[in-house]
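Look for chain A in each of the two complexes below; its partner is chain B in the first and chain C in the second.
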Partner chain A sequence: MNQEIKRLLQNPASFLVPGTGDGIAISSRIRLSRNLSCLPYPIAAGKESAARVIREAEEGCSRSKTMGRRKGLFLKMDDLDELEKLLLLERRLASNELLKSPVPSALAVSSDEKVSVMINEEDHLRLQVLTPGFELATCWKKVNTLDNELGSVMEFAWNDELGYLTECPTNVGTGMRASVMLHLPGLVMSGQIDPTIHGIRKLGLAVRGICGEGSKNTGNLYQVSNQITLGESEENIIEQLSAVIRQLIEYERRARRALLDRDRFALLDHVGRAFGLLQNSYKLSADEAIEALSALRTGVDLGLFQHLSSATVNELFLELGAGHLQMRAGLALPDPEQEVLRAKLFRSKLRERS
Partner chain B sequence: MNQEIKRLLQNPASFLVPGTGDGIAISSRIRLSRNLSCLPYPIAAGKESAARVIREAEEGCSRSKTMGRRKGLFLKMDDLDELEKLLLLERRLASNELLKSPVPSALAVSSDEKVSVMINEEDHLRLQVLTPGFELATCWKKVNTLDNELGSVMEFAWNDELGYLTECPTNVGTGMRASVMLHLPGLVMSGQIDPTIHGIRKLGLAVRGICGEGSKNTGNLYQVSNQITLGESEENIIEQLSAVIRQLIEYERRARRALLDRDRFALLDHVGRAFGLLQNSYKLSADEAIEALSALRTGVDLGLFQHLSSATVNELFLELGAGHLQMRAGLALPDPEQEVLRAKLFRSKLRERS
Partner chain C sequence: MLCDICKKREATIHIKEVKNGKCISTNLCPECAKEKELSGGLGAFGFNLAEVIFNVGKMNGDKKAPDTPEEKNEKQKKTPSPTCPQCGWTLAKMRRSGGKLGCSDCYKTFEKWVTMAIEQVQRGAVHVGKHPECKQRSGAAIKMEIDKLQLNLAEAVSAEEYEKAAQIRDRINLLKAELDSLQSAEDNK
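Now for the complex of A and B:
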């Protein structure tokens, strides 16, 4: 196993350490797209040019205080096997695009795992800050500092009229995408999620389910982010997004209260069955586990468990992933054996705490 | 609450006290149809005639040693409310036909609940012995003694050529129906149950699911009984039935072993999930409970539980019934509240033992 990846595995993912708030906002993220001027975008780059971007980024990160200077990780994707890549994906440090980049790509990660830079993803650089809870202001402060640090040693592609230049026109301007991951079981169970999403989209924001494919969203997790990058300041964009997030959190709170008032036993049953499943199964698919963990999280938020913390829920949310499971086992395993292993993980974690 | 019914509620149902064997044969039953000569069958009887049957039966039972003489219960159906009747049905002491009899009907129950006589069901008398496990010989000995005791003080309708006369021609002769209730999850899970049932029927025996309506058989419980009552001695009929039951038990054993060998985790998962459901739900329908209890029973049979006995499984199997639930609560409750109560029962019983 790559020694740097091993370091990651020793810690809980930074974005899942419990944040402030009531558990509805799971995590916040801001990323900035940046490109080196005078070099072609990764999609059009040759090996030479891609390698130069990696060299400059590594040099920049090693000087950046925000990246922890030389204490941070610097991973070249070509050095990693499939499991190690999957692990980075599950920790939300790398994107699918980065892993499948047609040219050599790399990833810099700060020692506390909160800050990372994807190199030769869609753009030359994607600066990213990820925190638990609803902390867009913190994210912005940190990623802005990193931007200044890197910008002082690299020349970013910039146009006086448009702002930062990016490979995809939808990122031109600030190059910023800010998002919050929300856990919205109350809105889902009470049937309010579809009109709510519709309303958010009308405000010019994007909403997408986090887990699962297509319209099926496993685990009641939604990511809300800005669409606009041009013609508004970063602070304005973040403030508008934050106002909507605050509203959504309030809607979710109300929905949960209403569910408790209307049919307390139905909600207890939903949470109890999920706990029973996770504590007693011997074969567990990732989808089932995510779905049941959502109910467990709801139970923890509502104070239904004495000996179960959101830290455990977060830990399990990360560890249930095929990448984490197989990395811990130390080998690649077929699906059925992953299911046995996943069930074992949940049994041991939930039995020791009940 | 009827004081005699109250006595029943204080004890576990006799047929569910763990018997010998490995848990595959849950209980055995033999019933004899008998009628008083010179009186019309219940379907054609007037009130006067029905009342006379009840008087004679009460008198006969009070003299019978097998019925515990005056220590036994003697219940007139007209004195009971709907919940009390449901309770008798769930304890397998009364049949639906008895409860819906067009004329006054009654039920005598021995003090140990193993022996009962339904009066003015389809026939004037239905003598019944019910035991846990695979105990047809014991049942026969006991019901035969009761038959002799009652026959010495009453005159049973008899024809020298046919034997005992009964309302329905399918009972004429011995008037005997012997049956064993089997728990066959292994044959069900391995897809062998349909051909097996087909084979049993070809041998001239009857098979029916115990719980649930129509083709859906909840809880993997099957009752196998003789069809023939004419032209064979009781002992022969019982021996032929017993041979088939022994074979079935062996098939079920093999099916369970094969399941364990082929995919141990699938079986553990089946049992574990059922346990998790029953231990953690807050709303539980009777069907769901029966289905999950079947898995629990399998787990107990296979020695998967340290602190769970078949006595607990049996107790829950009885107590989950709508009649028992409501009688314990002391009032009639709508379905949703029964589900809440049922879930509470399982939570408390399974938590104290885990």
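Now for the complex of A and C:
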């Protein structure tokens, strides 16, 4: 097993360290798409030109202060096994596209895990900054600095009219995708989520369920992001997105208050049963755990638990993933055994706290 | 390939999404896709961009009768499908990949299609955000910022925010000077 990756397991994922705010906004992320000029994009690249992109990116990252210079990780995807890849996915350092890239791909991670660069994903480089809470301004500042650092040692594909050129015209211009992950159980339970999502989409923003779409979404987690990348400045895009996020957080607060006012015991019962399930199960599927954990998170936000913090909820959210479970166990396990292991994790973590 | 929902009509829209860390592809016919979108199951970008681009004529209400086979052949002869000289990318590859390009030169090679795609999915046609420190901004981008600032200036004046208005006016003057020097540099070329 790759020792560098194992090191990641010693720390909570940077984006899940409790952030500011009231727990509704879980994390913020900004991604910038950048390509090296004169080289074909990964979709049209041969092995040689892909390898050149990796070399240049490694060199650039090793000189970047934001990436922690040589203290960060630099991982080539071909060197990793399936479990290690899954771990990177669950920590939101790598995307599926990166792991499945048809050409050699790589990932650079800063020493504090807050900043990463995916190499040969859809574009040559995807610079990303992840923070806990609703912190898009912090993300932008950091990713902008990283962009300047890398841009001073490599030449990015650029066009005077269209700005930064990207593999897909949906990203051209700023190449920026800003997103916030929100926990919206109040809107879901009160049946307001569908019209809300519809309304956000009408504003030209994208919404997707983190764990499945529509009614099949488990865990009440949603990601809201910008769609437009051309014709508006980065600051404007971030401000427009932020205005909607602030509004959404307010709607969620109101929905929770209304649920408490209407039937306090129904909500308490919902949270209490979820706690009981997680504390006493001997087999837990990921979906079941994610769903119950959402109720637990709601309970923590409402101050129903004395000995349970959002830090523990976040830790469990990460650790329940198949990648984390199996990496900790040190071997690949079939689903039923993962379920047993997952239940054991929850029993031990939550018994400490009852 | 048949549509995943009705299992009757041919699927022409292919959507990839990530669920629980797994990449799932859905194949839909236009009818079912439309229904799914109306029920809020799809974002505008859930659609294959290639579909959007290549159906653009239809979407604009192009009611012209379809070409006869002879006319079609004639057209294809006149305008051979372009291939990117830099990376070898073709329209067929662009379509198959959902509207993706092969290299930065493809933006020129497939300008017509790229422009259509950008009109469909973006808010403007000119980049107004950050630019690399070593690169100068285009005249069009500067003009656009000036236009925006002039609107802001008018707003500030009518709201009697004179301090803000003065700041905006200074910024406009700065941009106009930048534009002038850019244009005289071009004239000297």
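Of note:
In the analysis below, the second predicted complex is superposed on the first by the 351 of 354 C-alpha atoms of A that agree within 3 Å, B and C clash if a C-alpha of one lies under 4 Å from a C-alpha of the other, contacts with A are read in each partner's own complex, and residues count from 1 in each chain.
Simple rule for what comes next: a residue touches a chain if its C-beta (ideal position, glycine included) is under 8 Å from a C-beta of that chain, and two chains touch if they have at least 3 such contacts.
Keep in mind that what you see is a predicted model, and the values were worked out from it rather than measured.
When the shared chain is aligned, chain C comes close enough to touch A:G163, but chain B does not. Residue contacts after overlaying the shared chain place A:K141 against neither chain B nor chain C.
Shared-chain residue A:K71: touches no atom of chain B or chain C.
By the touch criterion defined above, A:I43 reaches chain C but does not reach chain B. Using the contact criterion defined above for the overlaid structures, shared-chain residue A:V340 touches chain B, although it does not reach chain C.
In the superposition on chain A, contact is made by A:S233 with chain C only, not with chain B. Legend: residue contacts after superposition of the two complexes on their common chain; A:L277 is shown touching chain B, with no touch to chain C. Of the two partner chains, chain C is the only one that A:H198 touches; chain B does not reach it. In the superposed model, C is the one of chain B and chain C that contacts more residues of chain A.
Residue overlap on chain A between the chain B contacts of one complex and the chain C contacts of the other is empty. Of all the residues in chain B, the ones that touch chain A in their complex are 265-266, 268-269, 272-273, 275-283, 340, 343.
Against chain C, in their complex, chain A makes its touches with residues 35, 37-41, 43-44, 86, 89-90, 95-96, 100, 122, 144, 147-148, 151-152, 156-165, 167-170, 172-174, 176, 194, 197-198, 201, 204, 206-208, 211-214, 227-235, 237, 286-287, 321-322. Those residues of chain C that touch chain A in the complex are listed here as 17-23, 40-41, 43-45, 49, 86-89, 93, 97-104, 107, 114, 117-118, 121-138, 140-141.
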